[in-house]
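Two complexes follow with subunit A in common, the first pairing it with subunit B and the second with subunit C.
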Partner chain A sequence: MAIPSYATRGERIWHYVFLGLCALIFLFLVGPLLIIIPLSFNAQPYFTFSQEMLTLDPAGYSLRWYEDFFTSSAWLNAIKNSFIVGIASTFLATILGTVAALGLSSRHMPARSAIMALLISPMIVPLIISAAAMFFFFSKVNLAQTYLGVVLAHTVLGIPFVVITVTATLSSFDTTLIRAAHSLGANPTRTFFKVVLPLVTPGVVSGALFAFITSFDEVVVVLFLAGPEQRTMPIQMWSGIREQISPTILAVATLLVLLSMLLLTTLELLRRRSERLRGISPG
Partner chain B sequence: MNESLQREKQDDAGEATAVADACFARFIDVQKSYDGVELVVKGFNLDVRRGEFVTLLGPSGSGKTTCLMMMAGFETPTHGQILLQGEPINDLPPHKRGIGMVFQNYALFPHMSVAENLAFPLQVRHLSRDEIKRKVAKALAMVRLEDFGDRRPAQLSGGQQQRVALARALVFEPKLVLMDEPLGALDKNLREEMQYEIKRIHAELGVTMIYVTHDQTEALTMSDRIAVFNDGVVQQLASPETLYEAPENAFVANFIGENNRLHGEVIESIGDRCEVRLDSGETVAARPVAAGGIGARTTLSLRPERVGIVGEGDEASFDNHFQAEVKEVIYLGDHLRTRLEVCGNDEFIIKTPNAKGFPSLRPGQTVEVGWSSRDCRALDA
Partner chain C sequence: MSESSAIPLTTADGVPLKTSLRRAVRRSRVKAFLLVSPLLLFLVVAFVMPIFDMLWRSVDNPEVSTQLSRTVTALEGWDGESLPGEEVFAALAEDLREGQEARNLGLLSSRLNYEKSGMRSTISRTARRLRTMEPPYKEAMIAANDTWGELDTWQVIQREATPWTLSYYLAAVDRQLSPEGEIVKVPEHLEIHVSLFWRTLWMSLVITALTLLLGYPIAFLLTSLPLRHSNLLMILVLLPFWTSLLVRTTTWIAILQSQGVLNDLLVGLGVIADEARWQMIHNKTGTIVAMTHILLPFMILPLYSVMKTIPPSYMRAARSLGGRPFTCFRRVYFPLTIPGIAAGGILVFILSIGYYITPALVGGQSGRFITNTIAYHMQTSLNWGLAAAIASILLFVVVVCYLAFNRLIGVDKVKLG
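Moving on to the complex of A and B:
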């Protein structure tokens, strides 16, 4: 951001103050996350920087908390559970959410906004209420403390993200493409898989990513529904903090930050790809 | 079998195909209403001959696109029947009709290359890989885009995209091709170029085409026959020449080409000649076309190029003579467009060629203009 040549002294000063403010806000947002990364390599079982770490002495750093994580059956079980629940619920939420969004985008759909509101409601209703409700209901039908129960609950939480992203993609979807495909002899099934799906894929994928992240760091519902067998990562972290203060949690947090960055990068790449595809496409 | 008998048999067969050819695509008393109250299309009838280029022309909202969409199968008629090669197709879904369609916004698949777009209808029909390749190459050559097969639609200009859309609608050799204002998004030069391109392809392939446009020049240039739509009804269905020279009602006269209008009342009508008293008091001799009997209101329609200035030598055929005041002269290169006040109408236009021997007119000047009653058509009010 260059300063124009006609800027007054006041404007110049403001320009640098503004940049400083931006940096501070950025630090406020990212600082707590960044501090975790060096701390996770701490050789001491503390949550503070030791003297050796501050003088950059190699002795102050170690991978012991990572080792601890990868050798602890409790943590490994938790991460396994998180992936099982996350992937299964993402799979279900993506299919159901995409189909719902397609149905809702049809101009023949009655009560469209009411159904939309109902589908989005898990995102709006306080989580503790959904969780309590699901707990009582799932207990009645013997789904509490089962994998299926947790997966279904997370599916419900993930669907709104898929519905919203796919609906957004569909709103810019040119419906004459469907007519064109029909006029060229493609039946509705072929039209869906060859024309509609490839073009809404970016929306489907970003919805799926959001659904996965939602399931991956969800605590409240799991707390209500999961038995000891279904302990997921966030629950393990939560009890880890409460029961034994071990920096292993920092190693886990660093790994999770890396995972999130990976997912966000995927998202951005997909967005660029779809932008390129849509390029000058008729709107 | 003797020769004459054989010939007779051939003639019979010829007659049967002639009937099928004359009614290649038919609309029979088709009506369409979207809301169940108002009819967008009211009793549409049309027989399209095999190999014909028929245009549905009309202002927006006149029902022409709805008719096209019903033929394509994207809308269902509320009433009436649509036939293709003698078979009713009302209950046939669009993908089973085998009708090619070109859309106004091209509707190319943005995630496929040009060649993949063209291959799409062929893959749907399970053609062999080699055959697909051959047909795609042929179609690209037809629209002169041989080197563009690997490009994405977004990398092409509007005109090129429209060519691809055209090639895609033709590549699977459909019986009928529909076009919905295909040149609407192009600039003027490109539009004219594409008109000739489409005309050439039509002549080359002999495919039947139904074309929708609101652009009268486009319709006049390209069509064998034009159906002029207004208000959900076909106002006139005829060749471009007939539409221009012999419009049957005031809407058609006004919509096709330029047209001077004079309003009045029929005071006498004998055979193919009538006398009309204008609202401004003058009496004009005209040819009754769609005017009522004596006392009926009528609109006189007169083409600007059929009005002459008295003193130019062709006034012998003029049986109408009036004083006119020149209001405005617009120089258009090959001709001059002059606005006059005639019989109280100050929007009266005449066209005079920019050639030697024609007097130059100046605003404020008074001249005598005249026209033949044969060129002055008395139409509905």
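Moving on to the complex of A and C:
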């Protein structure tokens, strides 16, 4: 953001004040996420920096909370459950959502905006309401406290993300490409696999990632619907924070921050790939 | 033109063009709908039906009419002026005996206890003593428990015999029915829900305002930087967006608690004394700070997408016409960003009033939201009817905001990341 040449002295001062303010807000946004990374290596069972840590004494640092995490059967079981539920519900949500997005992006879709509003509503309805409603209903049909119940609930929550990302991808899809492929002699199957699929895949994959992270991070519905066997990672963290607060939570949190960085990078790469394929040059 | 239209245009196989076109459109409509239908069916079964089931549960009132069916029948035509006669007591004895044998008096006694406190123990005690009771039941029951000699016990039973009730909604807004059937306020020490509703709305407004205050400059900075730099800064916005909610809440516990990072820093700098550490968590401050942080990206992203569409030349034109910088901002730039403010504001507000996890973990007593009460009635007090009624009221507020959002912005314009 360059300062225009006609700026007065007051404006110049304001410009730097503004940049300073923005830096502070960015610190507020990202600082908390970065602060837990060193804290998770604390040798003491506290949530704050010890004297040894501040003087960079190696004795102040340890990997004991990571060891705690990787040797605890409760945590490992919770990770396993999170992956089972996450992958299963992502799979369901991606298939249902992508097929529906294909229909929704048709010009002739009847009642398009009403249906879209319904499909997105699981994202808007407060989780506690969805959780309570599903608990009441799933108990009646014996789905409460089962893996299937949790998977179905998470599928519902993941669907809006898949629908939004895939319809966005499809809306910018240039249908003349299909005609061009046909005119060059490709049959419909070949066109689908060689032209349509490569262009749509990034959207589908990022929708799936959104659905997965939604399920992986979801507490409220699992809290109501799951039995002791379906304890997922967020539930383990939740009870850890509520009951016996130990820095193992910080170790888990650090791992999750790294995971989200990884996901974010993947998404960014996908976005660039999709832009390159469409011939939009990145800035 | 009108003459030539007498000979209708046809396709190669002789079908009129109009018909053929209509057929093609219908075919693609059906095809599009068939593609959407699996998901639609799934959502109706797994989401819409549960929601309606919950709405129904908030007015459903089966306990008295099914479990005290004989009593209710015997009470028909009772004037409510004096105690009912022996036949009603005998019917009650029969009903309670049957319930005691089937061991399902729990729901009934809790249900009546919501209407008249003390009914739970009255019913369980009477049911236990029934074995040794002899007719006439009227005297025996009143002797066993005074409650049966009170007029309003019977009025409550008669009133709650209807298959559906509004009493959960009344309880959700701190009202109850008096024995005379009028809607009155509950005693002051029991008033909790209305103030919690207001607190939830008020704190959500504060959080929305704070995210706007912090998000506006960031969105502005992101739009005015060259794309290369703004992409990098965008990652800083998206990283918290992608990080687990529990992680973000945990970090605020680590930072704000009284032995936490911020208090240690302030003590170390000598700003506050060691004994006078600030209480910044398990109260309103904790909830507001943590939720502002968590919801900030939801404000920045819509603001950014609107600001990106405002040509920078507008501001230059305003300046060249002699406007002072602040006037130009206020009169030209700011009005153009109002759609973004509306989108971000409604989004943050909707998300905020439905938040449960963060207020539950960092809110303490004074930072609780209405959602925490729903969870309490679901899990601890087991008053599911009341939980459903509070949830329905909250759902109504959210749906109104959602419809406003849809009208103003349109859900199909929602973008992620």
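Heads up, the rule we're going with is that the second predicted complex is superposed on the first by the 254 of 283 C-alpha atoms of A that agree within 3 Å, B and C clash if a C-alpha of one lies under 4 Å from a C-alpha of the other, contacts with A are read in each partner's own complex, and residues count from 1 in each chain.
Everything that follows uses one rule, which is that contacts are C-beta pairs under 8 Å (C-beta built on N, C-alpha and C of every residue); 3 or more make two chains touch, one makes a residue touch a chain.
Quick caveat, the model's predicted, so the values are computed rather than measured.
Chemist: If you stack the two complexes on chain A, which partner ends up touching A:75: first (subunit B), second (subunit C), both, or neither?
Modeler: It touches nothing on subunit B or subunit C.
Chemist: Who does A:173 touch here: subunit B (first), subunit C (second), both, or neither?
Modeler: It touches nothing on subunit B or subunit C.
Chemist: Report for A:41: first if it touches subunit B alone, second if subunit C alone, otherwise both or neither.
Modeler: neither
Chemist: Once chain A of both complexes is superposed, is A:65 in touch with subunit B (first), subunit C (second), both, or neither?
Modeler: After superposition on chain A, A:65 lies in contact with neither partner.
Chemist: Using the touch definition from the top, say if A:212 reaches subunit B (first), subunit C (second), both or neither.
Modeler: Once the two structures are laid over each other on A, A:212 reaches no partner at all.
Chemist: Just to be sure I read the superposition right, which of the two partners does A:137 touch: subunit B = first, subunit C = second, or both, or neither?
Modeler: After superposing on A, A:137 lies in contact with subunit C but is clear of subunit B.
Chemist: Considering only the defined contacts, which subunit A positions touch subunit B in the complex?
Modeler: Touch residues, subunit A against subunit B: 174, 176-177, 179-188, 190-191, 194-195, 198-199, 277-282.
Chemist: Going by the contact rule at the top, pick out the subunit C residues touching subunit A in the complex.
Modeler: Residue positions touching the partner: 25, 28-29, 31-36, 38-40, 42-43, 46-51, 53-54, 57, 214, 217-218, 221, 224-228, 231, 233, 235-240, 242-255, 257, 259-261, 264, 293, 296-297, 316, 319, 325, 350, 353-357, 361, 371, 374-375, 378-379, 384, 387-388, 391, 394-395, 398, 402, 406, 410-412, 414-417.
Chemist: Which residues, counting only subunit A, touch subunit C once they are in their complex?
Modeler: 1, 4, 6, 11, 14, 18-19, 21-22, 25-26, 28-30, 32-33, 35-36, 39, 46-49, 96-97, 99-100, 102-104, 106-110, 112-113, 115-122, 124-130, 132-138, 140, 152-153, 155-156, 159, 161, 163-165, 167-168, 206, 210, 213, 216-217, 219-220, 224, 234, 237-238, 241-242, 245, 249-250, 253, 256-257, 260-261, 263-264, 267-268, 271, 283
Chemist: Mind listing the subunit B positions that touch subunit A in their complex?
Modeler: Its residues touching subunit A are 72-74, 93-101, 103, 105-111, 120-121, 124-125, 152-155, 168-169, 172, 178.
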